[in-house]
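Shared between the two complexes below is chain A, which pairs with chain B and chain C, respectively.
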Partner chain A sequence: MDSALIPEGVKRCSFGKFAIGIIIFGGVLLWGVYAMLLIWLKGLNQTNMNDYYGFALWIWADLGVIALGGGAFFTGLLRYVIGKDELKNIINYAVLIGFICYSSALLILAIDVGQPLRSWFIFWHANVHSMLTEVAFCLSCYFAVLTIEYIPLILENRQINKVPFFHNLAHNMHEVMAIFAATGAFLSFFHQGSLGGVAGVLYGRPFAFREGIFIWPWTFFLFTWSAAAYGPCFTLFITRLTEKISGKKLVKQNVIDLLAKISGWTMGTYLIAKIIDTWYWASVSAPARGFNLIDFYSNNPFYGIWILIAEIVVCGIIPALILLTPKGRNNSTLLFTAVSLACIGVLLNRWVMVLQVMAMPVMTFDNWVMYIPSWQEVATTILPVAYGIILVMISFRYLPIFPQERELNS
Partner chain B sequence: MFPFSFEWIWDLSHMIFMGGLVYALTIIGIGMTYCILKTVVDTMHGKGGGQQH
Partner chain C sequence: MKEEGKHKKAKKYGMVINLDECTGCGACMVACMAENNVPFKEDESNKLDSITWMRVYKLTNGKSYPEADICYLPRPCMHCEGHNGHSPCVSVCPATATDYNHDTGIVSQIYTRCFGCRYCMGACPYHARYFNWWDPVWPEESTKYLSPNVSPRMRGIVEKCSFCFHRYQLAMDKAYLEGRTVLEENEYQTSCTQACPAGAITFGDLNNPDHKVHQLAKPDNKHGGRPGNTNVFRLLERLGTNPKVYYMSSREWVRRAGDNYLDDEDFAKNHRH
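This part shows the complex of A and B:
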């Protein structure tokens, strides 16, 4: 039915099967849209946010998808600026994943601000002393860059590419892509960092507060570093998942191996910095403010020391070691386990830096405050996941995302 | 916010923040303008029309 739109030389499932998938995830998407409309029409009283939890599930999801989408800027930097040419075979997918992650982040923010009609205030009435202003600037600009990186892919659709103007536009955009990729890397460095900086400058919250250089707390650098390390893991995770679902080999092992190796080294160095930061925070920063390490992880029903061990050891050191060894990278199961654990690790990191910070008592009369999101918050957090799956399905079916697919499946 | 807005102050924070934003938008704008103009010229000269990528 739609075979004229499918890239030449590749096989896709029947249109009926594809349509059923779209309908299923479209249903989930509509559920999220309904919750989103409830929040926009009735207000933030639809959520379980309160004076303790001004930042809640959405901000965790926001920081999570931005970290996972970091694969786009880091892979783009490696491909276009550093010149790792092999990565041209996975960069399209990294861009698509980044586009989905960043559009999701902006959608979540549009819901979270409560009054989206005034979103432009952040540009016009900018508070130039706020790290979140920098995040808003960089996030918007970087989304524009990702859109520019995604457009040539759309223009390379079999039918669209027949139109000379679109064909030439795609070609010319490819020619100057290095400039856009470098701009994207510059923007990403700052907004990833500033998201970490927001937590690090909270001097009234000893769980999050960190020292640093000039105006930048250590969390600024750790967030950028972790996005560069864990973002490519998400690209590899989604690539492997797509291969399993489609039953096709999409990217050659040497490309996977290179990205996994770079990711492993970046994770390894990040973890050394993270462990030093945690040790200094536990032994110097927190005691200076009247807290011991165990105070942050006791007397509450959820946040035990397990969460620190899970983040640094289980979902940090173990996947890094797997990615650093050639045997680990070449074993499909081990590689998939490592990238899955890495994704969970960075999401755990963002969770504690958003929600545990809020839960932790800071006054002597305070208690731990737990938070359970409302169904509207859950639905609007699942909404971008459904949107992402639909966009991946459509892009995989109609766009030449994987240059090696034809060769690998002939 | 532009320098002629009443909220504008000529201090380092405003110059860095707003300067950075204008800088990024300028690169994106010039890049895309170049691509579109070159595409118009290429198309007028009869280039394109296949799938040569």
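This part shows the complex of A and C:
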């Protein structure tokens, strides 16, 4: 039915099967849209946030998807600026995943503010001292860059590409893509960093606060570094998942191996920095404010020391070691385990830097406060996931995302 | 010289709350809500989402009878100065909807500019900032008793104690008409100060040696306003928030409850800095 739109030389499932998938995830998406409308119309009282949890599930989801979407800027940097040419075979997917992640982040932010119609105040009345201002500016600009990077891919659809103007436009955009990749890397450095700075500058919150250089707390650099390290893991995770679902090999092993190896090294160095940061925080910063490390992880039903071990050891050191060894990278199961653990690791990091910061009491006569999101919050967090799946389904079906697919499945 | 003169003119309004005198009656909370048109819900049992610009905490020393002791601690906004006006909340607001006034030392909240991102709430360790989760609704008859001097806030924005800033404006207007630029101590007092039946709250200009707050707190402005009185402390002094609300108590456990200390730390030494 839609075979004229499908890239030449590749096989896709029947239109009926595809349509059923779209309907299922479309249903989930509509559920999210319903929750979103409820929130916009009735206000944030539809959530389980409260005055102790000004930031909650949504901000975690924002930080999470932006970290996972970091694969786009880092792979772009490696491909176009550093010149790792093999990565041209996975860059399209990295860009698509990045585009989904960043558009999701912007959507969640639009739901998360109490007065959405005033969102533009962040640009108009910008406070240059606020990390959130930097996030807003860089995030919007980088989303524009990702859109520019995604457009030539759309133009390469079999039918659209027949129009000479679109064909030439796509070609010319590809020619100048290095400029956008470099711009994207520059912008990403700042917004990934400023997202880390959002927590790091909170000097009233000893769990979050970190010293740093000039205006930048250490979390600024740790967030950028971790996004560069863990973002490509998410690209690899989704690529492998797409391969499993479609039953096709889409990217050659040497490409996977290269990205996994770079990711492993970036993770390894990040973890050294993270461990030093944790050690300094536990032995200098926190005691100076009257806290022992264990105070951050006790007297509450959820936030035990396990969360720190899970983040740094189980979902940090272990996947990094797997990715650093050729045996680990070449073993499909081990590789999939490593990238899955890495994704969980970065999401755990973002969770504690948002939720645990809010949960932990600072005044001696205050208590830990736990939080369970409302269904509206859950639905609006799943909404971008459903949207992402639909966009991946459509893009995979109609756009030449994987340049090696034809060769690998002939 | 100009700067020096300007600095001398600057006021730093603040409070000293005598915790040995506070009985926990809650009159300060009631007065604050009435004065500032603070909205309330039909069911106020969930304190995690109800608005209390002034909140009275109950502290205990954790000991059993006969050594058991309690203390009530009223907590308005601390109007932190931080370092050079970089209060924890002011520095993070992305839309400049909250501001540190260097002439009065008061941290403002611009309701019509706040777009409800709630970053300031996350930044405040005192939980002094509140979000309007609902539209403010008053029983019909009581709308007649709303204060015309304070604008009610709409859903979706953050609000907090303003040290009854409208009273400062009214007092300044009156002073201006009378050809004065300086207020007398009693011309500008917050509603909680006036409502406290025990007289536990003292309010005034911390920079003015003639004001009682200055005499009680003896703030050391060269060291971030740290109190010079040994019985006076500030909440979470060690974080560097530089608050302008001081507490006073003759009981050591109460003073110790004002901040976090490691188990093996010498409290007396650290409290005296």
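Quick notes on this one:
Quick note on the criterion: the second predicted complex is superposed on the first by the 410 of 410 C-alpha atoms of A that agree within 3 Å, B and C clash if a C-alpha of one lies under 4 Å from a C-alpha of the other, contacts with A are read in each partner's own complex, and residues count from 1 in each chain.
Here is the rule we use: a residue touches a chain if its C-beta (ideal position, glycine included) is under 8 Å from a C-beta of that chain, and two chains touch if they have at least 3 such contacts.
For clarity, every value in this text was computed on a predicted model and none was experimentally measured.
Residue by residue along chain A, chain B and chain C are tallied for touches, and C comes out ahead.
Using the contact criterion defined above for the overlaid structures, shared-chain residue A:119 touches chain C, although it does not reach chain B. Of the two partner chains, chain C is the only one that A:52 touches; chain B does not reach it.
By the touch criterion defined above, A:158 lies against chain B but remains apart from chain C after alignment on the C-alpha atoms of chain A. Look at A:129: by the touch rule set out above, it reaches both chain B and chain C. Of the two partner chains placed by the overlay, only chain C lies in contact with A:44; chain B stays clear of it.
In the superposition on chain A, A:358 makes contact with chain C only, while chain B stays out of contact range. By the touch criterion defined above, A:141 lies against chain B but remains apart from chain C after alignment on the C-alpha atoms of chain A. In the superposition on chain A, contact of A:174 is made with chain B only, not with chain C.
In the three-chain superposition model, chain A touches both chain B and chain C at residues 124-126, 129, 133. The part of chain A that touches chain C in the complex is made up of residues 43-45, 49-52, 54-55, 112-116, 118-119, 121-122, 124-127, 129-133, 136, 198, 201-206, 287-292, 295, 357-358, 362-366, 369. Residue ranges on chain A touching chain B, taken from their complex, read 8, 123-126, 128-129, 133-134, 137-138, 141, 144-145, 148, 156, 158, 161-162, 164-165, 167-176, 179-180, 183, 186-187, 190. Here chain C touches chain A in the complex through residues 46, 48-49, 57, 59, 73, 82, 86, 88, 91-97, 113-127, 129-135, 154-158, 235-236, 238-241, 256-263, 265, going by the rule given at the top. Here chain B touches chain A in the complex through residues 1, 5, 7, 13-14, 16-18, 20-21, 24-25, 27-28, 31-32, 34-36, 38-40, 42-43, 46-51, 53, going by the rule given at the top.
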